[in-house]
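Below is one structure, written out as structure tokens, with a few remarks after it.
Order as written gives the chain letters A, B, C and D; numbering starts at 1 within each chain.
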Amino acid sequence: MAAHSESPTPREAFTFALPLRVRWSEVDRQGIVFNPNYFVYADVAFTEYFRALGFPYPQGFEESGSDLFAVSAEGRFRASARYDELLEVAYRTARIGRSSIRFEVAVYSGGALLFDGALVYVNADPETRVPQPLPPQLIGHIEAFERTPPATKEAG
Amino acid sequence: MAAHSESPTPREAFTFALPLRVRWSEVDRQGIVFNPNYFVYADVAFTEYFRALGFPYPQGFEESGSDLFAVSAEGRFRASARYDELLEVAYRTARIGRSSIRFEVAVYSGGALLFDGALVYVNADPETRVPQPLPPQLIGHIEAFERTPPATKEAG
Amino acid sequence: MAAHSESPTPREAFTFALPLRVRWSEVDRQGIVFNPNYFVYADVAFTEYFRALGFPYPQGFEESGSDLFAVSAEGRFRASARYDELLEVAYRTARIGRSSIRFEVAVYSGGALLFDGALVYVNADPETRVPQPLPPQLIGHIEAFERTPPATKEAG
Amino acid sequence: MAAHSESPTPREAFTFALPLRVRWSEVDRQGIVFNPNYFVYADVAFTEYFRALGFPYPQGFEESGSDLFAVSAEGRFRASARYDELLEVAYRTARIGRSSIRFEVAVYSGGALLFDGALVYVNADPETRVPQPLPPQLIGHIEAFERTPPATKEAG
């Protein structure tokens, strides 16, 4: 298929990965996972990643009174997954800003990369949606968890 | 919310737009459309866009014996849609390559931009997934339909 | 396929029907609509039915401070719908109880019945889930709308 | 909430159960699992049940050249599941007919019953949809697996 210019984040950069089996409901008429479902998989990994961090979502945000809202998503479909295939969904924090945070996701099957992408979220007040600094406790948990440290950035 | 650096494609560049009402099943616990559903909306618009072109999917591809496979997707969540909100999903061909084609999508509510993104597909043999030139008939239909002509590119 | 013992509610009993086109995301590997999606279609029809009644959901319930919660669902898959097929989703109130209400749904394609089913909801306090009498205004709107009057029942 | 007249199949009747965690995408604006998703959960359990039987779906049907098609579904929503809740989805064969087979499903949380239902499928030729006898091998695997034997029925 078409070559992707960007080279993917190597598997070793991901500390966290989740086994996930393709459901019948996720496969389309072409016999392969319907593309938006890779973003659903990323969302499932988001939940489990926060649990693995020891900062479960959304309870960890209760103290700060904020919540994460998705700002952008992107992904590259490199190969297809089929019904009942056992996948590995790797997830990591790639960059920590002031109020924004960038996660990377990669979906593997038998070691082969099927999908990779990135999700950016902003920490904000649930009512006003005004951005707020990321909870320092969250940053601490991420830094303690990730073997490959995320980039940091002044602006956010 | 967080500023998006990229400026969106203006509404006037889209010849095609589809009215679409937010379903209960598409809204999450935050009361807003779950993010991957914007890519589902893009897919609904894909179908209706091809119908509007006069090159219905997938029948139009039968002669060439090829099919379109998604290569990449990206999008920016600029504001939230809620249950029962009536949206407008604009869709256009942004770039025609040799075997690849880039579509842009933008979701509006009452004239305000909620989401914009891009989808790249490659035309390929359904069995081997080897890329094939886009059907010339498809290109003709697009050129006749789009008021704002798509970019073209040698490689693809 | 297997014969269904129950004979379906005739098309004429339905005052309301909604055109609905099958999405790519709703079709499975067998090339047909994945069965739980018929209940999603019923839910889409629920929203449009309440709008047609002039008692939009959930705003109509605000005065009573209650909400509808699903109690049961049933359906018979009589024939298959395919990608891009234009369906007609008929919806009606079949029985009005004290706090419960039974809706019937039927999905047609070109006049042929593909699916029929029933959904029972109870009107309840959103916090305590204690059943409450159905809003009299809702009952009035239903009685004014339905050409075939729903059954009524003392208990609910 | 409204009382259900039918008493549910007891937990002990189920030999098979699958742990399943509620996804963010499955929860609606009321903060609870959107009702049709219980039928999706039943479908996930279907796959794992066939694997547990040693008659994986759909490979087990290849020899017979047939496939299972859903005929009917029913369910009672007894209590609500919430985001991230860890559920137990129990699944069993309740009745074996000539070409039809009835499964029961029950979803528990912490031992409490949230949902119970039944799915009927018919074994049929994938092209003609003409019913065929259930593969004898499948029946053998079910009888060997289920501690509580399914009912059998002449007609089907």
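The criterion applied here is as follows: a residue touches a chain if its C-beta (ideal position, glycine included) is under 8 Å from a C-beta of that chain, and two chains touch if they have at least 3 such contacts.
Worth saying up front: this structure is predicted, and the values here are computed from it rather than measured.
Chemist: Relative to subunit D, which chain has the most distant C-alpha mean position?
Modeler: Result for max centroid distance from subunit D is chain B.
Chemist: Copies subunit C and subunit D touch; is their interface built from the same residue numbers (over half shared) or different ones?
Modeler: Same, since most residue numbers here occur in both copies.
Chemist: Comparing A-B against B-C, which pair counts more contacting C-beta pairs?
Modeler: Greater number of contacting C-beta pairs: A-B.
Chemist: Between subunit B and subunit C, what's the gap in Å when you average each chain's C-alpha atoms?
Modeler: A distance of 32 Å separates the two centres.
Chemist: Distance from the CA centroid of subunit A to that of subunit B, rounded to the nearest Å?
Modeler: Measuring from centre to centre gives 23 Å for this pair.
Chemist: In subunit A, what residues contact two or more other chains?
Modeler: Residue numbers touching two or more other chains: 24-25, 34, 36, 40, 43.
Chemist: Applying the document's contact rule, which stretches of subunit C touch subunit A when the two form their complex?
Modeler: Result: residues 24-25, 27-29, 31, 34, 36, 83 of subunit C touch subunit A.
Chemist: Under the definition above, what is the set of subunit B residues touching subunit C in their complex?
Modeler: Subunit B residues touching subunit C: 21, 23-25, 40, 43-44, 46-47, 56, 84.
Chemist: Name, in rising order, each residue of subunit D that touches subunit C in their complex.
Modeler: By the definition above, subunit D touches subunit C via 1-2, 4, 30, 34-37, 39-40, 43, 67, 69-77, 80, 99-100, 120, 122, 124, 126, 129, 131, 156.
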